[in-house]
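Structures are listed in the sections that come next.
Paired with chain B in one complex and with chain C in the other, chain A is shared by the two complexes that follow.
Coming up: the complex of A and B.
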């Protein structure tokens, strides 16, 4: 692979779950690439497959999930052939994940210090004796003023915001190349959310890491992402530079999401409403959004649209565009 | 036993909270119980048909205040004036005649319905309990309620798990309005919903307020949503209301530093906001007398540590010794909302 290959390249990722005697397709052919030091936002509503996409990449799904892909390349190296032990060595060091609920990322019976020590020691070159001073400086780096106290605290003794900070400190200790952040601020208050986002952005730049940022919040995505992929019903329906996707969306679904948040901002008398709800049964043929789309045409019910270029580095999956 | 909704006086608030204090005792296991003051001298008027937003971070007491208005918590001190009575010291039985008037919509609709009841029977129960309509008309009333919230009469035969979160929240709203209440407390009623569904439910709440004149106490941490829906907003911090006023004033002319930092938190760009991690940096001789916000406040003066500011002002009140000046605050606040 040449030096210019992306950090992560995913081609035609398909994830399905066995439910009873049928298979539910959660991710239906997702392809994207993340460049070095890039923040790619994966946005969508519940059931769009955005979380499952991240979990599939990190092999964190339960047994009854089937993950297939034409390629998952990390630094040009195919990951799907990697054994579980080799993959585990990669995950948590090269590939890190921040979850919505930081509590689940900690062992409740161990102190924050214990976690940081293990993170520091896991990064092979770290000197085991100096972990405490490094841990303290890491906690200072994430805005914790009293690192000694936090190091001796147990997870349940810290607030959600403080715990998310401690988790970010752990991740900085590992110096990963790619961080998958799944709704890392959804459970937090607005103020703390802003602080955590600032931290993620700051350290992403310092570490020169790439981030796959999963969120349902357009405002957050606009704030933190370089590029954005919009997911609907297990597919990416639009992908491109953040500003293009959020300011000049081409796919009607992305346009509707934007219109909803704009009408809140503009203080409309009533908000723009997109009919229907996400997460319904996906039709066998045609466009998955056709049932809710304000611009549905007869052919949308029968033809499944392909991704088409709609601008520089900007693609959309809609029959209104391309050709 | 039916309670007829009495006609409200033309003027004056529907409900008045006067200096509500609520202490929670926590068992420490050893020695003395600890007392946690969840609500600290909270006063609030709710006008008839008014939509009031209670905003603040988690732990600020907004949900506790909402529940206190409905008699879930009995306040340690203070008055809840409603229809000429003080509800604050009533027993559960004493609250009974007022229950019909005061309804609640919760964050998680799934857990607020009995999973073994069809939605039709869940809706029929309060109609029968409060004799809202004659028994024979209950099925028709259920059907018309479902239609009013954008569902179909057919949904009455379904069970809660068969509906999506947004549809179920519509049923919860239908149940709340079914008994023709005066005030509905909606606690984070849209925060679990998807973006596109949230807009539908917010529009529904606004429409119900317009059509029925029901007052809404809308508890949320999302300022953008509060701005859309609310006539007035009360900003809570640590069990107190720190600023309260018409929605326009709160957004266009915030005076309390905490309100401004909440507004800025949703702002694009790089305005630094106070950090919860800064709190350990300050020692306060007597926290009971200091301003609650002092440890996080950038405008803190020695007075703020020695004395506690009280809510002051006319229709727009704020509790701060060093409030933001009108001009300074106005510029960033206009660009603040991006939700």
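Coming up: the complex of A and C.
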């Protein structure tokens, strides 16, 4: 693997779902790359295709979903052609995922110890005794002070924050190269959210892992991400270094998102509100955002904009920019 | 499983079993007496002299107040004494009759449950995993058919095709398990199958539903994201969590075994408690019917009790 080759490279990812006789396109040609030890944020409204993008990469979608891509390369190796069994072997130990709902992430019939034991054994066939001490040190690593008690607890006996810590402990046990974190703190209260974010960042660095961090919260994204990709209606509309995208957004949608977020932070009397709703019918031609965009031009309704460079490592999909 | 089911809960459930057994017995007792017919005439015949009938009534104390008769029956039944049969071989102890026949009934019942469980585990799993495909449609249609077929009708169809038509199985008669287990498995197959069919159908449907509900739960997706093998994910994350509704339904269906064995034992000539109870009812043999009914009642209650314990053990939230 050459030094310049990214850890993960996705080209033109398209995911659609069969709904009745129609096919609903959830992801419409997403391309991005994640470098080693990089945290890439994927931000956007609900329904913009962030989660589906993550699930598509891990092949976790149900059967009625169709996933296509020109290329999905992991460490330079093409994953698209990989059989289900070979792909399964990569899951967990190379590509792992942290989910939104920590409570639902655990098997309600089994103890946390059972979960950790199997995660540890998935990585290496540890003998029956050694998993326990490893599990305890993993739980200490994620800030759980009474590991023995947590190991023998069932999921329903623990809080969401505790369970998210335990799930992170399982992921650490597997030592993956890429972690897809799908809104891992959305269901947690603010204080716990901070702690979990710190934990993710700490272990990302320790493991030298890359993270695809899916969130709708710009403040979190700014804290944790090196680069940010903004998604709208199944497309990436802007991608670049976190600071550039959040401070000097080029795409009107990214600018609107930022304004909404600032308006919330400053407790404005009148919240900035983006007109319309996402997820409606996407026009056949032109820009998907044209209907809600404050800067729509007539040609926006007919020409579908391509990604254009708007700064160093910074691209946007808007006719306002580039030639 | 390190969890213990609390003693207090077990004893209160056992108390419930005892109370239900008492209520059930009282119902059978008073309904039997309320029905028409006189055991004296059933035993002695239509031509019996009034003196003979009176003597019979005196012997069995049938003219005492009903409540007193019930109390007399109850106080000895609690001690395990069901008295003598009015009809069978001039007063055989009922306990002895039941003891000799209960193993046959239990054998057929367990055999039927076993067939139903094996069939439903396979059919329910296939049907859930191939949801919406041909296998699923076939299994679901068969399940509807299975639920709609009355056991007596199915018994005759099985006898007509597999026994009389193809000659694979005997059409009548039963080798008790006490004589030969292999013989009992062979001769008991058709009757067990006749009882098992509707149960297998009901079990398949509930397992399919429970599996489909579990298959798309988050923890299954998480398990797959960790790279566990499909079989491991299915057994520990999917099936394990679908077992609670499945076992509950098995417990509920056990009461249908009761009706099933009564009918099927008659059709196939199996000397079981069901057939004994039917004979008893025709002969107005009050104590015999009473004892058989209590036997069935206790079996059903105890099975339900056991199912509750299994469910509690399966579900960590209930502990």
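As a convention for this text, the second predicted complex is superposed on the first by the 315 of 323 C-alpha atoms of A that agree within 3 Å, B and C clash if a C-alpha of one lies under 4 Å from a C-alpha of the other, contacts with A are read in each partner's own complex, and residues count from 1 in each chain.
Keep in mind that, in the parts below, contacts are C-beta pairs under 8 Å (C-beta built on N, C-alpha and C of every residue); 3 or more make two chains touch, one makes a residue touch a chain.
Remember, it's a predicted structure, so these values are computed and weren't measured experimentally.
Annotation: superposed three-chain arrangement on chain A; chain B versus chain C shows no clash, the two fitting side by side. Within the superposed three-chain arrangement, the count of touched residues of chain A is higher for B, of the candidates chain B and chain C. Legend: residue contacts after superposition of the two complexes on their common chain; A:7 is shown touching neither chain B nor chain C.
By the touch criterion defined above, A:200 lies against neither chain B nor chain C after alignment on the C-alpha atoms of chain A. Look at A:92: by the touch rule set out above, it reaches chain C but stays clear of chain B.
In the superposed model, A:257 makes contact with chain B only, not with chain C.
Contact with chain C, but none with chain B, is seen for A:106 once the two complexes are overlaid on the shared chain. Of the two partner chains placed by the overlay, only chain C lies in contact with A:60; chain B stays clear of it. Applying the stated contact rule after C-alpha superposition, one finds that A:146 touches chain B and leaves chain C untouched.
Taken over all C-alpha pairs, chain B and chain C come no nearer than 7 Å in the superposed arrangement. Within chain A, no residue touches chain B in one complex and chain C in the other.
Across the complex, chain A meets chain B through its residues 45-46, 143-146, 149, 159, 161-162, 165, 189-195, 198, 216-219, 222-223, 256-257, 260-261, 263-265, 267, 270-274, 276-279.
Considering their complex, residues 2, 216-219, 221-230, 236-237, 240-241, 314-317 of chain C touch chain A.
The touching residues of chain B, when paired with chain A in their complex, are 57-58, 164, 166-167, 194-200, 202-203, 206-207, 221-225, 227-228, 261-262, 264-266, 268, 270, 273-281, 337-339.
Those residues of chain A that touch chain C in the complex are listed here as 58, 60, 62, 88-93, 96-97, 99, 101, 104-110, 118-119, 122, 152, 154, 156, 167, 170, 174.
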